[in-house]
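In the two complexes below, subunit A is the common chain; its partner is subunit B in one and subunit C in the other.
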Partner chain A sequence: MNGTDVQFAICGSAGDGTIAAGDILKRTMALMGYKVIAFDIYPAEIRGFGKCISRVRVTTEQAYSLKHQSDVLMSLNDAHAIPHVGEVRDFGAVIYDNAPIARLPEGGHVSAHIRPMQLPYGVSFRSISDRATGNARGRNIVALGYLAGLYGMPAEAFHQTIANKFATKPQAVTDANVRAFEAGYEAAIGTFKLDDVVMGSPLHRADGARAVMMTGNGAVVRGLMDAGIDCYFGYPITPATTIMERLAVEMPRRGGRMLQTEDEISAIAATIGAGYAGARSATATSGPGLALMAEMLGLGVMAEVPSVVIVSQRGGPSTGMPTKTEQSDLNMAVFGGAGDARRIVLAPTNVEGCYRCAGLAFELAEKFQTPVIVLLDLYLSNRYETVIPPKENPFEPKQATGPQGPVFRRFELTESGVSPRAVPGQAGGVHTITGLEHNELGRPSDQPDNHVAMSAKRYRKLEPATRYPGLTTIKRFGAAGKVDIGILGWGSTFGEILEAMFEAENEGISCSAMKVVMLSPLPVDELEAFFADCRVVLVPELNHEGQLATLVSGTLGRPVVRLPRATGAPMRVDEILAEVRRLAAETAAAAE
Partner chain B sequence: MNELLKPVYLEEKLEEIRADGHQDYRSRSLPTWCPGCGYFSMAEGFTLALKKLGRSAEEVVVVSGIGCASRFPFFVNTYGFHTLHGRTLPVATGVKQANDALTVVAVGGDGDAFAIGGGHIPHAARRNVDITYLVFDNGIYGLTKGQTSPTSVLGFRTSTSPYENGDEPLNPLMMLLAYRASWVGQAYAGHPHHLADMIAEAIAHRGFSYLHILSPCVTFDKTTRTYRNLNMQVRDLPSGYDRTDLAAAMGEAMKVDHPALGVFYEESRPTLADVMDETARKAGLSPVPAGGE
Partner chain C sequence: MTESLHYVVIGSGSAGHGAATTIRARDPGARITMITMSRLPFYNRYDLPKMFKGVTDWRDLLAEDPKIYDELGITLRRNSRVVDIDGRARTIALAHNEVIAYDKLLVCTGGGPNVPAILEDYRPLMHGFGTFEQASATVAALPPGGQVVILGGDMIGLDIAFNLLEAGYRVSLAVGEQTFWPHRVEPDERAVLLKSLAKTGLDLIEDRSVVAIEAADRPARRVHFDDGSMVETDIVMPFFGILPIVDFMLGAGIDMERGVLVDPALKSSNDAIWAAGDVCQIWSDVDRDYRFYHGWKNVRVMGELAARNMTGAEETFDTADESVIEVDGNGCIRSTFWEH
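For the complex of A and B:
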């Protein structure tokens, strides 16, 4: 990548202000006009001294994921940072506190682990903070100031972010933090910089549009709000809770209604109830909640009621690893529940996609009268990216409803499979919907012909969804035409796939990548074309079985190479790259 | 001539029924219940109540679960949602949240309400969702052909309690009072006119109203909750009864051997919609909190 591409990793224990320092750093970088991708990892426990890492990648050109190597590691706690020294690239920097409070055992200092090609900077954050503010609490901000000074970043931008961050606190808090920052900054000025990390200036867009920084969940909230959400029902569960928390703030200001229900069954039940009554309604949950919702989703399919379900996956099965990421609920999202119950499932691959999918989910749910699941995972829900907000609201307002004809056939067997819909309150539209199989009028029926016709209708009506305007349901990247290696991916992992694909291309490997955003119904024609173009198709994903691999190879009847990884952490670019290299060597050997 | 001896012609009788208007609320589907089932009184009572309240059919939504009682929406000519076993209340809550103007009536059996759906009742009651919940309690699972329910009496022999039920039955009225339902009443399928009045009153109440309806399952219960037994057991609430006295209501609810018919308890407090409006008002007054991403 030309231009600036620097990844910072700040590592400490809970209570060191690690995440706070990372937050100020990424916000300042975004404010300056850089592109930012950032992801924090923190322990599951609320209290204690678990490890926190904040990784911030700052670029001038579009990046797609974090890098597997960082350029700079800043340690606020050596015991936690030592295992991460290895992720710093050669000629990168390791910055640490050379006078930590506790006496560390032999080998307990991060400095003892720095490799010869990595460049160390020992700074006494603690005493600098003491001198500047009268206590050591500002140690993380001193460290941040040092980092800013070392790489020549403008201090004023940081001052502004610091002031924003502490806006609700007394002025003295902001002042003390600015003093700590300045002291760290000054300490860096006299330092002889040894590493080769360079921060070029940010590129500004020709149209002057300013990027904002958002998480995947934040983008979901914006998408739901811009699409005019009327009702939200939810039950707290990591990593989806922040969606409900933000909607609780925003919806009442705009006439929407947010209700915290007694469980996920009632959340989806009320979402579907509100959908039946004509509202744009949504709920959000994670895997365990989706499991509870399965029966209701079936009702939504059978009774043809619009609803939107946001699912942010985490480590499973069962309670699993609530604060770790995983992509293991694809099967449940696509197939979960009783009977032949096809629904629409969307899996955005980046923060911008979260915004689009969440908003368009309402349109799809209404147009196709069905539940729509938007599948994220913890890594996508919580990672920050800079995005350019759309100039105009891209979403369509609610579709008109109303009975048609002298006899209102709510489930009329039309060519498209979509039937006219009326909502309670509309005259002439009185009807009853049910989870029982029913005839065109909605009356229970278990006649064989009727069941066959109604099942076919419920499948048929979803087919055009794969070509829905304004929605990227599937997309190919990199070389067009015949290639040796195709990499197929979905969800949060696709950023790493793209990074690996571009690196492989640079190495001369013939490859290209395809993302599947619509997992149900699958855009089969595009997938067929991709498979026809690739000698082998590799499917990297964050689960144990290879769920997308099974879905696609089962649907197309074609072989795939699986790369399933379920460690709880995001996929590593170098792991995908190694597999691509191996496959490339294999195909080359086979061709000889 | 003696009134009773006057011949009644079907056509004339039908004309009379049509003219009355309450049949407008009935759908063209005939109920599929067993002849003699207590549920017929609900179809009649409900339509009479809507007539009395003058609600138009399209502004009424009946939400039900699964069971014989829950088949109800198919037999009335209002909007209806026949949902899942036990999920009546949360679906009804969603309908009401979407549109305050609708009259929402939730209907279910004792199993639907107190076994599989028991977890939802306290929350609908405490939030005071402005809906009416009609539970038809026959002390048995009718639709699945006669298994023990949470309100089956001790000693009742069913297909799943072949050696007699030994589980203490629930007391729904005490539960609903404890959950702070803002209107709690009891009616009996064998007294259809009283039932119709009670349904009308329950619907007219602003807030969560719970009407418990004792209803015989003539097919699967020949021994306990029969018309014959209930006719002997039911009674009126004592004269001078104060329906705003929660402790008195609890006392009456405890007398399970002689169930009282009438309004046990009534109070006026903010509904869920009121709370939502108040929240919107408070939100409008406070500054935009940070963290919009």
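For the complex of A and C:
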């Protein structure tokens, strides 16, 4: 990548202000006009001393994921940072507190683990903070100031971000933080810089003024809001909770309704109820919540009720790893529930995609009269990216509903499979709705021919969804035509796949990548074409089994090479790249 | 099963590096830790004058590929300052509050610049050349073809002076007692040596002592002498010899004078502590006294010798080795100090 491409990692303990420092850094970088991708890792425990890491990648060109190596590591807690020293590249920097209070055994200080080709910077964060503010609480901001000073970033931009961050607190809080920042900045000015990390100027962009920092969950909220959400029902669960928290603030302002229900079953029931009543309604949850929602989702499918379910995956099964990322709910999202309950499942691959998918989910749900699941994961939900919000609202308003003809057949077996729909209260729209199999009028029927026809209808009606206008359901990147290696991916992992593919291309490997956004129904034609073009298809994903690999190979009857990883952390670019190299070598050897 | 010994080497310069690699060669199972205040892996300080000729990236000055530490299993602790040694407990305390235990310790911390008391207050106005960082700051402060005043003129300073001249800078040398340090030069020899120096293009300032240094605009410094004269210059560099860095050893419980006192095998009065290089004073049977043996070659030899003795050898440093400075047949100064 040309231009600036620097990744900072800040590592500390819960309570050290690690995430806060990373937040100020990424917001300032975005404010300056850089492109930013950031992701925080934090412990599941609300209180305590768990590890927090904030990684911020700052670029002038578009980046697609975090890098597997950071350029700079800043330690606010050595015990937590020591395992991450190895992620700093050669001639990158490790910044740490060189005056810890506690006596340390050999190897207890981070400097003991800095490798010969990494550059150490010891600073007394604590004493500098003490001198600047009268206490050591600002040492994270001192560290941030040091980092900014070392790499020549403008202090004024940080002042502005600090002021914004503490705008709701007394002015003294902002002042103290600015003093801490300045003290750290000043300390860096007297430091001889030895690493080769360079922060170039941000590129001037005409749309720079409109760029905003947003998480995947933030983008989901924005998408739901722009699409005109009427009702939200939810029960808190990591990592989806922030969606509800934000909507709880935003929806009353717009005349919408937000209700925290007693559990996830209630949330999905209310969502389907509101959808049946004609409202644009949604809920959000994670894997365990989706498991509870499975029965009601079946009702939504059977009763053909528009509804939107946002699912942010985390490590599972069961309570699993609430604050760690994973892509292991694909099977449940696509197949979960009783019976042949096909529904639409979308999996955005980046923050901008979260916005699009969330908003378009309402359109799809109404157009195809079915629940739509938008499948994120913790990495995407919490990942920050700079995005350019659209100038105009891209989403269509609610479709008009109403009975047609003298006899209203709510579940009429049309050619498309989509039947006329009426909401309660519409004249002539009287019909029966039930979770039982039913006839065209909605009345219960377990006649074999009827069940066959209705099942076919519920599948048939979703086929056009793969070509829904304005929605990228599948897309190929890199070389067109025949290639040696194809990399197929979904969700948050696709950023890493793209980075790996670009590196592989630079190495001369014939490769191409394809992202699958619509997991159900699958865009089979495009997948077939991709498989036909690739000698080998690799499927990296964050689960143990390789769920997309199973889905695609089962659907197409084609072999794939799986690269499943379930570590709780995002996929590593170098792991994908290593596998691509291996496959390329094998392919080349086989061709000889 | 015998546990491997932990060898700790304080200092990562020529002596320390030579010692660590020697220990590894002689004791493959040993744990070896090098501790240094430097933030860089090992580079030869005598290569620093290359910076006057445009070599400004520290990676181009490295004496060894940094991968060697991993390959040899040597833990390199940089940016770490030793603040105390407990010779009985065999532990080292670092400034950042970490304590390291050792079985055998080698001290090769070398020396820092000796600045006369009268110039102590002017340290911020002078440029050093002992580390890469100092050298970088010096180079950055020098305009092309700029003027340098060297005070004192020890053998390190003279080497730098010649490199400055070669690189097109103008150099004045304020001659003093420490000119030609560490060589002990008789008056008649001194006259010959100074004459040779004058022929190199150095502007010699003789029979005057510096009393003050003043910051100015352009050039950036004014050097005032005791006869009321003043010289304008871009930078001022003090070279009055070096002082051993031993302050952290005051609590070690070993014999010290200006440096660490060691026997010809380089062992201190503590059986587990050795010293090598500019930090140690070695007992000389000839002089019946402890003496420093400076010079790059001596330093390297001492480091390796100490390492061999720490790992079982019983060798002694040749204290009869005399330092020599003379003017050769071409009129150039030749010094054993510069041999490396």
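The criterion applied here is as follows: the second predicted complex is superposed on the first by the 589 of 592 C-alpha atoms of A that agree within 3 Å, B and C clash if a C-alpha of one lies under 4 Å from a C-alpha of the other, contacts with A are read in each partner's own complex, and residues count from 1 in each chain.
The rule is simple: a contact is a pair of C-beta atoms (placed from the backbone, for glycine too) under 8 Å apart; a residue touches a chain by one contact, two chains touch by 3 or more.
Keep in mind that this is a model prediction, so the values were computed, not measured.
Chemist: Can A:192 be said to touch subunit B (first), subunit C (second), both, or neither?
Modeler: In the superposition, A:192 touches subunit C alone.
Chemist: Of the partners subunit B and subunit C, which touch A:276 in the superposed model: first, second, both, neither?
Modeler: first
Chemist: One more residue to check, A:98. First (subunit B), second (subunit C), both or neither?
Modeler: second
Chemist: Touching A:108, do we find subunit B (first), subunit C (second), both, or neither?
Modeler: second
Chemist: More residues of subunit A are touched by which partner: subunit B or subunit C?
Modeler: When the residues of subunit A touched by each partner are counted, B comes out ahead.
Chemist: Would you sort A:262 into first (subunit B), second (subunit C), both or neither based on which partner it touches?
Modeler: In the superposition, A:262 contacts subunit B only.
Chemist: Could you tell me if A:302 is touching subunit B, subunit C, both of them or neither one (first, second, both, neither)?
Modeler: In the superposition, A:302 contacts neither subunit B nor subunit C.
Chemist: Is A:116 touching the first partner subunit B, the second partner subunit C, both, or neither of them?
Modeler: In the superposition, A:116 contacts subunit C only.
Chemist: I'd like to check the shared interface: which positions of subunit A are touched by both subunit B and subunit C across the two complexes?
Modeler: Touching subunit B and subunit C on subunit A: no residues.
Chemist: Provide the residue numbers of subunit C that touch subunit A in the complex, in ascending order.
Modeler: Within the complex, subunit C touches subunit A at residues 39-41, 58-59, 66-67, 69-70, 75-80, 94-101, 132-133, 136-137.
Chemist: Can you list the subunit A residues touching subunit C in their complex?
Modeler: The contact residues of subunit A facing subunit C are 91, 97-109, 111-112, 114-117, 119-122, 192, 194.
Chemist: Across the complex, what residues on subunit B touch subunit A?
Modeler: 27, 29, 57-59, 61-63, 66, 73-74, 77-84, 87, 89-95, 97-99, 101-102, 119-120, 122-123, 272, 276, 279-280, 282-284, 288-293
Chemist: Show me the residue ranges of subunit A that touch subunit B in the complex, using the header's touch definition.
Modeler: Those residues of subunit A that touch subunit B are 164, 167-168, 212-215, 218, 230-231, 233, 246, 249-250, 252-253, 255, 257, 259, 261-263, 265-267, 269-279, 281, 295-296, 299, 303, 384, 424-436, 443-444.
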